[in-house]
Structure formats: structure tokens, C-alpha cells
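What follows is a pair of complexes built around subunit A, which joins subunit B in one and subunit C in the other.
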Partner chain A sequence: MAAVVTEAPRKERGPQEDNEPRGRRKRSTRVPPVVLAFVLVPLLAEAFWVFWPAVQGFYLSLTDWDGVSAPRFIGLDNFREMSGDAVFRTAVLDTVLWLLLFGGLSALLGLGAALLLQQERRGVGFYRAALFLPVVFSLVATALVWQAMYQPDGLINQALEGIGLGHLTRAWLADQDTALYAVIVPALWRQIGYVMILYIAGLKGIDPVLYEASKVDGANRRQRFRHITLPQLRSVNAVVLSVIVIDSLRSFDVVWALTRGGPYHSSELLSTYMYSTAFQSLRLGYGSALAVVIFVLAFGVIASYLVRAFREAD
Partner chain B sequence: MITPPTSPSPAPRPAPPGRRQFLAGTGAVGAAALLSGCVTSGSTAKSESGGDVTLQSNLSSPQAKKAMEKVVEGFGKEGGAKAKLNTVASETFRTQLPTYLTSANPPDLYTWYPGSVAESYAAKDLLLDVSDIWTGPELTGYPDALSKLCTSAAGKKVFVPTTYYWWGVFYRKSNFAKWGVEEPKTWDEFLDLCDTLKGKGIAPIGLGAGGNTPWVASSWFDYLNIRINGAAYHRELLAGKHRFDDPEVRKVFDRWGEALPYFDPNGTALPFQDATTALLQGRTGMMLIGTFFADSAPKGQLEDIDFFRFPVIDPEVPVAEEAPTDGYFASARTSRKAGVKELMRYLATAEAQEIYLKNSSGTALPTHPDAKDSGTALVKKGRALIEGAAELTQYFNRDSSDALQPPADAALTRFLAKPKEIGSILTTWQRESQKIWGR
Partner chain C sequence: MSATSGSTSDTTRTRRRLATAGFHLGAGTLSALWLLPIALVLVTSVRTFDDIAANGLGGLPHSFTLDGFRQAWVDGGQQRALINSMLVTVPTVLATLALASMAAFALSRYELPLRRTLLLLMLGGNLLPPQILLIPVSRISETLGLYDTLYALIGVQIGFGVGFYVFVLYGFMRSIPVEIQQAAVIDGASPWQIYSRIVLPLTKPALAALSALSFTWIFNDLLWAITVLRTDSRMPITASLIGLQGQYVSMWNVIAAGSVIAAAPTVAVFLRFQRHFVAGLNLGAVK
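Our next item is the complex of A and B:
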């Protein structure tokens, strides 16, 4: 919170004040009401809409609650149950897999696209726009389009049959072996453009002198990438890492719209499990406990990132 | 982070316990005030106030929505209270219902289900006692079975039924004629029919348990269970009095296993609307479904649609049918009791039910004994099916609870993909259900 300290003009000071020792001179600490309002009003709104529900969520994770009767305090039972819950374990594993595949591929492909499209050439704007376009669509709309493509008689199966790979056709979203991977694709399709923009911004910030100097020293393309581009992108990497970890943990809409975590929990993420437990099975206490786990994981990533960022700043 | 639904109105209710107060306090007053913008004091919640009666409806398919608008219009012409219709997407409606009912300023009247679903709210004093309107002329002629279905365990009437429909194995008459096959009566005849259709390169049984409608698979569980173990056992099982890993339940899956090779391989990939299209296009032969599927069919094709009773498996088990009833219950916290009851009385009339059926797909049946149904051959056959049944059941989630549907969906989807794992599937199903019953 910013506090504005103002010193009253000298002219208005009384003679007594002037006689006071210099170190003990009174300073006016009046904060203009407008500034105070700018700080306090958002703080109150934030406290009401974010902090208070979060505190309630923590409390609810210690209760058994069906959403209708009064919550019953059960201590850490929900967390104990979680330790023996096979679906929770599946959700954690799927979330880790999601993080690695969705996160890893979006970072790699985003960086690749940025390297390809960083230079100002004729028509490059079109390709950048084309790759960025999916970011503009809502994920639910994206999911609906992909759902049509994944249908048993949809575009993907038709294309496979068209190129003589008919034996590979399957009900992509209804098959327990493929559902998770099928759901990752639309999420990835959307995320790559976003990561690409972050990397392009980072690449634009690299001083061209470094490349020129390295060329003079005889460095080849690969060496320039290894020893100049990558180290220079370190700060962008940290941002991308945070974004994709947080996006992975909060991924919900695309999975829910396509598979609802099924079939038989095969594409269950922590977020979808939390939603279905809380709002479909009406076990809001257990759902809150899952939400707490997601919060702790997301908070852990953000905190570790901040610690690292501050350390680097020092 | 999950936040609790806006909590109860404070003044007229007994002081809530400490922890509840903790949750209710700021959250209830603040959220309700900010969301609805019209909470002035808790004491207004139960006192009579003016304004339109709000009717919260989950009937969001175009035909049903239009029909509801006509019904509300009809009520407006009566000259008494006025109603305002809020149509909410079905899934949102279902997940929000506990929040609606526990909020300080709830919508007044809701489309929903009687029986155990209504009872779960009635037991918590969240539903308006409408016993008085059941003594009025609009409802006195209703059959005893419906009256019982709408009565809470405490003996109060909490529901007004308006329509009901039936489940059956639907097919296209022209396709059956083309394939030279006929309706089967017994399980063996049914399997023979499946065999014949499969021989002709047609997927005999469509399902529609993909996308957002995995619950459709429960119809197969329900019917096999009521045909093998009987309706009484089925109801007890869904009430938690038996276990899903009992040998009786295992028998259901043994029988289901016999029919499994005849299921459309895309059965768990397509929602029931798309499975309806596959049926109409002759890619699948038959489909066990409720009459609501007609909303997904072009009206011109309804004349070509017929159905048969789910085959009898054990002749000694009395034949029961699934006949879900729809209607209305009201919030106990409504501030417009008189208006709500006036609207419920109107909805129970033959006139209102006929308006609804005329403007919707017309495949449901009215609950008022004098109300005319759409009169088609299909509806006549449906009525005969229900009237000829020894017992009626509602549907899996209606006879158990909405909370038990997700574990059932998971178990049945798993069974359809990996029938050999039935042992572990039933163990898991029981464990998951136990968590909900155990509350």
C-alpha cells in the first residue's frame, strides 16, 4: 500500500514549530482522501470477493457439507480420505501429465513458432495472426469445434480413412486410452499462440549487437541459439513457466466441455474432479479440500517463482 | 475456491449454530445483497410481498421453452397474480438448485421432480407445504399413486405433478418393415432380433451415453434390474438398503453382457441427440430412451416412430416401467405464497397441461385425468404401457439422488468399455455411493 507523505509549506509554520529541534520536527502524514479511497475500495472489494471466500473455502475443506444442511466440522478427514482416494491419485497423475505435455509442448512449440516468425518478413504478420487467433476464441467454443472433429464420423476419422489409415480410427473422446491426449490437443492449439507472443516479445528485446559480435567471432546458428538466445530469454522463460504451470492447474473448461473428466476418470484433472465432487456429487466439503490442494500447488509455484525473481533482481 | 451458497434468512429462523453463523454471516448478507440487490432485511423473507411470481424452469430445449412461455401467458390471462419465467440451462439449474433453495431471496417456483428428489429437500424444510391446494378441485381427481408420490415423509404435499412420460425401446416402423423383423416380447426374442440386425450390418442397439448425457446408460441398469430383481429391490438398492456389489446386482451385468456385443460401438461417444439421428437414419436399429428424445427428431418423422416394452426376462417378476413424473415445487422461503399457490393450482388444471402439450413435442402425458394428450398412436400406446404396468419407477437419479448419478455414470461407462472388470467396477461403485449415503 502506498502512503503519501507531504510536508506542510514553510510559510504556514508557526514560530514555535521553528524553535523545535530539527530532528523532532512534526511532519504532516495526511493522505488525500481520494488516494485513500483508491486503495481502500479495491482492497475491500478484493477482501470480500477473494479473501473471504478463500478463507471460507479453507474452512469448508474441514467440513462435511452437502450444500443444503449446515456444514459438519470433521477436521482433517477430507484430507485423510484423499490419501486413499484412487480417483484423486488418477487426477494428480493426469494433472502432472497435463503439465508436462501441455506445458512442455506449448513452451517448445511456442518458442519454435516465435523463432520462425520473429523476423519481419513479408506476410509474417498473417502467420502470427493465424497462430494467435485461437487465443481469441473462448475455450468452450474451441472445445465444441474439436468435439465435432473427434466424433466417430468426424473430420479426424474421415481424414485417417482417406489416407488409408482406417485402422487407426476410434472414438477419440470416448476411449479411455486416448481421451486425455485428445483433450490436450485443443488446449495446446490455443496456448501455442499465446506463448509465441511472449517469446517474440523476448526475442525482440535481445540486443542485435550480441548476434553481430558472435558472427564476427565465427559462431554458427546453433551456437548463437545456445549461447545468446537461450540465456537472453531467461526472464521470459520464467514468465512462460509460471503461466503454463498456472494454466495447467486451472485447466478446466476444455476438459469439461469435451469429456467431463471421463470416460471413467481417464481424463480427470484435479480441477474437474473438484467440480464434479462438489457440484455433481454435492460433497462440497471434499470438493473444497481438493480446491485447497490446487490452491497450495498453484501458490507453491507462484511463491517459488517470486522468490527466484527477487533473488535474481538482487 | 468453492464458496457456499448464499445462506438462510436470519430473522424468522432459529439461531443457526456457531460454525454456520461463521459461514452465513457476511457471506449471506453480502452475497445475497450484492447478487440480487433486493435484500432489505431477513424478516421480509417469509412475509407476503407483491411482485410477479418467479418460475425457475430447466426446460430449455426450444420446443419446451416455447410451451412454458405459452403456459405462463395463459396464467397471465386468468387475471390474478402474474408470473415471470426464468429459463435456465438444465445442468446449471441442477447444480444451482441447492443454492436457490437455501438463499435468502429465492426464486418462488421450480420445475423439478417428485419422490425421493423432492423428499431430500422437504426433509430439510426447504419446500413449501401445498397440502391445501391438493384439496381443491384442480387436484382432487388425481390418482392416488401420484398423490403419494408428491407427499413428503412428514405427510405434507410438497409437489404438483403436471406431466409424465415413459421409457421404451424405440425404433422406426419403416426400418423394421424393411428389415423384415418384429417387436420382441422376451429377452431371448430380443437377442435373436439383435442377431438378425447385426447380420444385416446394422448396429442393433443405439445408446447415446456420450458427450453430456452419460446418464442415459442408467436406463439399461434400471430396466435390467427391475426385470431381474423387481422394482421393490431396485428402489431399496437406490435407497442404500442393498449394496452395488451384491450378487443380485452382478446378475444384472451378466444379462447386460449378453446384449453387449449388439451395442453400437459409438454408444458412449455420442450424446442421445446424435444417437437419435443415427436411429432415424437407420444406422442403429433400436434405442432404449424416454420420449423426450422426440425433441431431437423432426416432427415429420414422429409418425414413423414406434416402441416396444423392454423385454421380459423373468416372467415371475411383476412388470414395472420407468415413468418419470415432472412438475413443480416451491421454496418454503417464498415471499409470495398466495401467488405461488395460485400458479401451482393453475398448472394442475387440464387447461394449462393441454397448452403445454400442444406447444411442446407432445409426447408426454398430462397428469390431470381430464386433460387431453396429443392423441397420436404413439402416445396411446405409451399410456397403455404405463397403465398396464404392475409398478412404476421414476429413473435412476430420481429414485436415488442427483448425487448418486456421477458414480453410476462412471461405473456403467467403465462396464461398457471393459465388461470383464465388473468385479472391481461394482466394488468401486459401492464405495463411491457409500460416501454419499454415509452423509
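Our next item is the complex of A and C:
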């Protein structure tokens, strides 16, 4: 990385190159073996740690396996078992709720924060950094920070008492009615800054001429938002949506650190249920089947993401 | 100036000033709310256990001590855990970016057959929910004798992450003009020389952005760590923090100190490379 080769000297050699036969150009695009290795080594690393395990994962979902004896092929029995599994039903419902609440709120509040902080003005850098800072925390640290807030003698209960709402105080994480929502809040606290950054970039990409023209035409603030900002943000919306769905289905750390899916599975997500089934109950076949369900739910998003990437890669 | 302006511009100016004050009030309140949990943890980490027990977690602090940090660092094993995290994160970031930049170079600068398919296959691997890989990955690392070693963690982090970085770097490298490379080819430069002397230096901004980003991602990971590791002394800081929580139940000064230790490296990276960091998020997302 030491010597950055500047462009200038090479351009000076330009005229001499014209003497070279035209065929050179063609030959330069032929693929040398080193270049093949450049692709193959990373591809093999990914194939070994991702594609090969993924194939195995799908196979294991059709087996009954305790991790010690050999996996026994049982066809679709795992999936049949799910239909009667009450915890699975809770996990699916909680995952959907998580998707809607965590996803919906982080998109809305992230957009709101971006609209508030989009303009370059004095102090805005500090505000953005404040909202963005939690993004770099690990979800585990985030979870513990909020666990302190949620304690019976923590800040939230004390604040509620302070404003005369003492009857609302409770052990937020130990209460089946509130555990899931209490877990969503830290996840949101961390995600909103991230979504905000994406939207600020999107807002900056909008051609200011559009706003000026609409002002001349007499459009008010709301009309400008409705007819210029929102349509222009369409591609960012698609990105945010994909990020949110994939993140929601993967969400694990914050729940694991706060409640491990409890109390009584009231904050159980598919991802935590999958992990505890596989690595604590050692039902590896059933756990794999749960992972397949997560994959199937994510598949639509992954596919549409890839289709878009396919278009843009060209 | 104000003497010559009429009453209408005076009202506009007043209105603008009010709007600015309103903005700072709103944004300031929001930021304060956002920073409050962080401030609370910082304060809690330097209180004594007795103070917290007597006055409550949300109470005003009556003490100052760094004992929580000592306990988390020495007795809680966080020193070891932080070293583990670094031993995993630094090589993984370097290796992933090296491999990804090579693949992106090859795919973006040469007419490889099936290059788009390869590119999307690699991106697709990164988009897979990791849950589908957990069980097989733990078994593969067992078969290789790597289970419960940091090598397994490094391997899976590289394999799982590389696709995304290839995709981002591919987009970036494609924007480098072909002429730059052609001149070097005619001068007899080998692909390796073109890669290391020409394309890589020009890709520096993207590499800086991705390293800041991937540092936090890998450092903050929990799921892969608890999948391929078992022994406490080998766990990275995230897993160790959960252990700390179990070990020091309700000793909030220790737990808070542990959280501060676990968050410090990524916050430092963020504060130092804020610009690159934000650029990285956009770089990855726009694609």
C-alpha cells in the first residue's frame, strides 16, 4: 500500500502504446490462472463454511438426531411435529410481531430522525452521532445496558413513580405480558440510528431542483413530502425493508442476553427456539427443521435482494 | 442591515430563529434520551455495590470506585475475553478483506465466465440466515478437530462474511477506468502487480469503510462464538459478558463495567473512523 502509483506517468507513455498491435487488448482480457485462483480461493472458503453446511442443514431437517448416534432419516416428521408444537406457534407469532414492531418502528422512526437531521447545520453532527452511537455496541452490551434500566429499582420504574404512574411499575423482563416488548425497545434503540443513516444518504441523493420547481408551483411542505420525497426514496425503502426483514429473522443476541426467550417462552423467537432446541435440548434434527422454517421465511427477501443485485451488478 | 429591512423580513427572521431554537430543542431532547442509557451505565460502573444496594440502580450515585472494572477485568475473565476477541477479529478482518478484494478484482476486471452468477452466489451465501448453518458448522469443526478453538471461529467468520465484501468491492472496482489497467498490462505488469499496485490502492476508501464496519460486526458477534466454542477461557468478549451477568447476578457495578469494557473498542473505532464507518454502511446498502 506504500507507493500509490499516480496516473500521470502512465498517461505520458500513451503514444508509444499505439505502436502495439491491436490484438494486445484482446489478450489482456483472457483470464490468467492467477486470476482464477483469486476467485476460487474465496469461493472455496465460502463453499466450505457456508454452502456445504447449508446443504447438510437441509438434510438434517429430515432426520432425528441427538448429536451422538447417527442421524436417522424420518422424512417430514419434524415439520409435522411443528404443527402440534405450542412453543413453535408462540415463536412464530412473536417473530411476526417482532418483524412488524421492530421493523415497522425502526423504519418509521429512522425516517423521522433522518428528516429531522438531514440538513447540514450547526450541531447536527453531534445529534447524528448521539443517535448513531448505539449502532456500534454489541447487542449483548446493549441488552445489559437496558437490563439495568428495567430492574425493579431501575431508572424506568423510578421515573414512572416520579411522574405519579407508580401503579405501572413492574419487573419488565420477568413479566410474561411485557417481556417481548421490553426486549424490542433495546433492539430499536440500536437500530434506529442505522436506518437513519441510510435515509439521510437517500435524502441527500434527491435532486434539489425537484423541490425548487415544486415550490414555484406552490406545493406546500406536506405535498412536497408526499409527492417528491417519498417516491424518490423508493430504492432506499427497498433496502431498508430487506435489511429489516433479514435482521428480524436473524435477531438472536439481544433476546438471548435479556430473557433467553422466557419467561415461559413469552419472548421466544424462532431463532432463540432454534438455538435452544439444537444446542440445549440436543434435538439437532428438529432444530434444523426450525432453521429451515427461518430460511423459508427469509427466502423471498433474499431472492428479491439478489434479483435487484443482479440488475445492478451489470 | 436590520435598519434597512422592513417589518416583513423582521418577522421572517424571528420565525427562522424560533424554528432553529425548536430544532435544537427537539434534536437535543432526542439525543439526551438516546445517550441516557449510556450515561447510566457509565455512572453505574463506577459506583460501589453498597451504594447501589442502598440507593437503587436509578438513584443518584453516592460513591466512586473503579473496583467494578477490576472485578470484571481480572476475576470476571474479561481481560482474557478481550484478547480472544482481538485474536479473532483482527485476522478475520484482514483475511476477509484480502480474499474479498482478490475475488472482486478478478470478477470486475476480467472476462470470467459466469462472473455475475458467481458474484450473486457469493452474496447469496452471506444473506442466508446463519441458523441453517449452525448445526452443520459445529459438526464440521468437530470433524476437523477445530471445535472449541478460535480457528473454527475465524474460519466460519471468513467464509460467511466474504460474499458481502466481494459484492461491495466489485461495485467499487468496476468504477475504476479500464484504461489505467490496460496501460499497465502493456507495460508487462502481471495480474498480481495490477491488483496490488494499481487497483488495491485505488480501492482504499472502500477498504477503509469496510474494515471499520467489519471490525464492529465481527467483534460484536455472539451466535457463531457460542456455536463453535465451549470453554469459558476461549470465549470472546460478548459471550464472556453474558457469563459475567450469570456470575455476578445483581452486582450491577461489575456488569456495567463489563459492558463498558466490551463496548469500548468498537466505540473507539467508530469515533476514530466515523466518516468511513458511515460511508461503509451506505456503500453496502445502496447495492
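Structural remarks
Just so we're on the same page, the second predicted complex is superposed on the first by the 273 of 314 C-alpha atoms of A that agree within 3 Å, B and C clash if a C-alpha of one lies under 4 Å from a C-alpha of the other, contacts with A are read in each partner's own complex, and residues count from 1 in each chain.
By definition in this document, contacts are C-beta pairs under 8 Å (C-beta built on N, C-alpha and C of every residue); 3 or more make two chains touch, one makes a residue touch a chain.
Just so we're clear, the structure is a prediction, and the values are computed from it rather than from any experiment.
In the superposed model, A:Ala141 makes contact with subunit C only, not with subunit B. Of the two partner chains, subunit B is the only one that A:Phe73 touches; subunit C does not reach it. Judged by the touch definition given at the top, the superposed model places A:Trp98 against neither subunit B nor subunit C.
By the touch criterion defined above, A:Val243 lies against subunit C but remains apart from subunit B after alignment on the C-alpha atoms of chain A. Of the two partner chains, subunit B is the only one that A:Pro263 touches; subunit C does not reach it. Between subunit B and subunit C, more residues of subunit A are touched by C. When the two complexes are overlaid on their common chain A, residue A:Phe295 makes contact with subunit B and with subunit C alike.
Contacts of A:Ser276 after superposition on the shared chain: subunit B is touched, whereas subunit C is not.
Of the two partner chains, neither subunit B nor subunit C is touched by A:Phe88.
Within the superposed three-chain model, A:Leu284 lies in touch with subunit B and with subunit C [touch as defined at top].
Shared contact residues on subunit A (touching subunit B in one structure, subunit C in the other): 48, 52-54, 56-57, 60, 147, 151, 274, 278-279, 284, 287-288, 291-292, 295.
Against subunit C, in their complex, subunit A makes its touches with residues 1, 3-5, 7, 10-11, 13-14, 17, 20, 24-25, 28-32, 34-36, 38-39, 41-43, 45-46, 48-54, 56-58, 60, 113, 116-117, 121, 123-124, 126-127, 129-141, 144-149, 151, 153-159, 189, 193-194, 197-198, 201, 236, 239, 243, 246, 249-250, 252-253, 256-257, 270-271, 274-275, 278-279, 284, 287-288, 290-292, 294-295, 298, 302, 305-306, 309-310, 312-314. Note for the complex: subunit C touches subunit A at residues 20, 23-24, 26-28, 30-31, 34-38, 40-41, 44, 56-59, 99-100, 102-103, 105-107, 110-112, 116, 118-120, 122-140, 155-156, 158-160, 162-163, 166-167, 170-171, 180-187, 190-192, 195, 197-198, 200-201, 204, 216, 219-223, 226-227, 237-239, 241-242, 245, 252, 255-256, 258-259, 262-263, 266-267, 269-270, 274, 277-278, 281-282, 285-287. Per the touch definition, subunit B reaches subunit A in the complex via residues 1-5, 16-17, 19-20, 22-23, 26-27, 30, 95, 98-99, 101-102, 120-121, 124, 126, 210-212, 214, 265-266, 268-270, 274, 402-403, 405-407, 409-410, 413-414, 417-418, 428, 435-436, 439. Those residues of subunit A that touch subunit B in the shared complex are 48, 52-54, 56-57, 59-60, 63-71, 73, 81, 86, 147, 151-152, 171, 173-176, 260, 262-265, 274, 276, 278-284, 286-288, 291-292, 295.
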